[in-house]
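Below, chain A partners chain B and then partners chain C, in two separate complexes.
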Partner chain A sequence: MRGPRPYMRPAESLWWAHPPYLAYTLREATGVAVAGYALVLLTGLISLASGEVAYDAWLGFLKSPWSLALHLLFFIGMIAHVWSWFQIMPKTMPRFVIGGRILPQNWITAAGLVVAMVAFIVTLVVAGWMQA
Partner chain B sequence: MLPDTAAGAASREIMIEVLRYRSETDLRPAWQVYRVPFTDDMSVLQGLQYIKDHLDGTLSFRWSCRMAICGSCGMMIDAEPKLACMTFLRHYYPGPLTVEPLAHFPIERDLVVSVDGFIKKIESIYPYLIPKTARRPEEGEYLQTPSQLARYESFSDCINCMLCYAACPQFGENPDFIGPGAMALLQRYNGDSRDGAQAKRMELVHTENGAWSCTAVGYCSEVCPKQVDPANAVNQNKTRSALDFFLRALDRHAHSESSAPDGGAP
Partner chain C sequence: MKRSIAPVFWLLFGVGGMLSALTGPALVLITGLAAPTGIGASPDFMSFARATAFAQHPLGKLILFSVIAFFIWHGVERIYLTLRDMHVGGRLTLMWICYGAAGALTIVTVGALAIVGF
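Presenting the complex of A and B:
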């Protein structure tokens, strides 16, 4: 009895479902929510350009329970994506060297999250102000 | 010898399941269980040494320094890539604890994997300084500021243990992907202010098997025992590769003129 040498184990096809990769899988999957939001906004822009009837129909769709449920789903996905994306962001960029020392990666993550939070609050305030 | 004294003082026993493969008798790898007495200060490597010395002399594994410097004893410990010498048995008590050869690599025997592909990749990236302008000894040293050193310093800490490759699912799917370790070494030289061969190494980065097989999983940096941060090395190179692409599209002629001169290898 003789086995192959070297022996190549088959690649694990469900690797993304295992614990060390779940953060990555979540980040990639929730990207769909980001694309979903973009699509909703794009549809809005197109209907705005197509005239008042189309735009009102789009606004009507936004108020429907289906749309609210979809937006809740998108929102949860978006929060997970923002959190997970800023965790990996420092790995994707060149190093900032200040006074001979590298800027710590968790500072970059924290800065990203703060900017995202400020943008979110500003958007809410502006939207509320425009409603009023 | 250490395992003997350790066994003498041992009060606890742990089950270790080892994935074994001996091509002369086995058609495929199979699990074998050992009961190993251990003390709190014993590493997984010492557990394996106990097995080899007292239970089963046929077990094969690589090791050398026992202190996370040589990078020889990388293996999957409870399915995570780890150095056996810096992982302690006590954390896995009462077991069973699984020990497998590094994932994604061809198994030579038991816990020994084939490193040929990795060595070829390391060789392919021009792993030496190729100075911008060669200096003669009387002209003095190549100077570098602490800031310039900080840009690449962690990438020079790699001990070639290949844990990052075992952590990389993209390398698992495509063994030709240059991978995190070799890319960290590439960036160690490309990020060095004294080096002048960036254009040469970027030719490797631009390809499908270069930086672009990476999907930014990031697990490679998590398992690195030396905080080299190979994920950062690979992803910095994506940015550079993209920039190169657009610059080349803007002016092909200028790009070919700015290429580093050939030669300069020691």
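Presenting the complex of A and C:
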């Protein structure tokens, strides 16, 4: 079998750990925080379905310093995700034309970040309202 | 030409990405930091009774499913693409592992929400 053999430029195996690629690697690592947080919630939901003893054990884990440190990392990851998500958004969407002029990319990023901040506050308010 | 299945995963990635960009930081703050420490939240905010009532409510179920499933599909897409770029494994192997895990966890989420009851 002699299939096509495309030329592969030799690359160092740890290319992703060095600048300028490190920035991309860190951005993609926010996905670990997002999925990791969902996994914590899923274990909580499974323990909730298993009964009160299992659920209280999960609540106990949430109170541990390990969990608090983990959630602090998740929080940093989430903030980095919000930031990069709206940096990417104008690059992935069609050009926004208003009155024959292209809307600058950083305007779209700024608008996205404002919406994210409003959503952040709304989520906190809704949670506070649920608590009452 | 064979149609690519990639757009399906990109859609899930996008939904999860937008949902987590809008609600993720606040949710981590509430469930992971405020509620367990009692700072800015009452100690019984996530008690068994309250959590059960939330998970039994249709809207609560929708929120739990959306957050868990879409966050996982978003993260998995990034993990899959990064592992592929790192040449950790073959494309198909990584696809099966990453998307397979996300699919299995989605089913587990639905199952757990059903067991919690209505």
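Throughout what follows, the second predicted complex is superposed on the first by the 103 of 132 C-alpha atoms of A that agree within 3 Å, B and C clash if a C-alpha of one lies under 4 Å from a C-alpha of the other, contacts with A are read in each partner's own complex, and residues count from 1 in each chain.
Methods note: a residue touches a chain if its C-beta (ideal position, glycine included) is under 8 Å from a C-beta of that chain, and two chains touch if they have at least 3 such contacts.
The model shown is predicted, which means the values in this text are computed figures rather than measured ones.
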Touch count on chain A, higher of chain B and chain C: C
Partner chain in contact with A:Gly36 - chain B first, chain C second, else both or neither: second
First, second, both or neither for A:Ala57, with chain B first and chain C second: neither
First (chain B), second (chain C), both or neither touched by A:Pro90: first
Touching partner for A:Val114 - first (chain B), second (chain C), both, neither: neither
Partner chain(s) touched by A:Ala69 [first = chain B, second = chain C, both, neither]: neither
First (chain B), second (chain C), both or neither touched by A:Ile79: second
Contacts of A:Leu22 with chain B and chain C, given as first, second, both or neither: neither
Footprint overlap on chain A, where chain B in one structure and chain C in the other make contact: 16, 28
Parts of chain C lying in touch with chain A, wherever the complex brings them together: 16-18, 20-33, 35-37, 41-42, 45-46, 48, 51-52, 54-55, 64, 67-69, 71-72, 74-79, 81-82, 85-87, 105, 108-109, 112-113, 115-116
Complex interface listing, chain B residues touching chain A: 21-29, 79-80, 103-104, 106-109, 113-114, 145-147, 149-151, 154, 167, 169, 172-173, 215-219, 221-222, 229, 231-232, 235-236, 238-239
Parts of chain A lying in touch with chain C, wherever the complex brings them together: 13, 16, 25, 28-42, 44-46, 48-49, 52, 55-56, 59, 62-63, 67-68, 70-72, 74-75, 78-79, 81-82, 85-86, 112, 115-116, 119-121, 123-124, 127, 130-131
Of all residues in chain A, those that touch chain B in their complex: 1-9, 11-12, 15-16, 18, 20-21, 23-24, 28, 88, 90-95, 97, 99-102
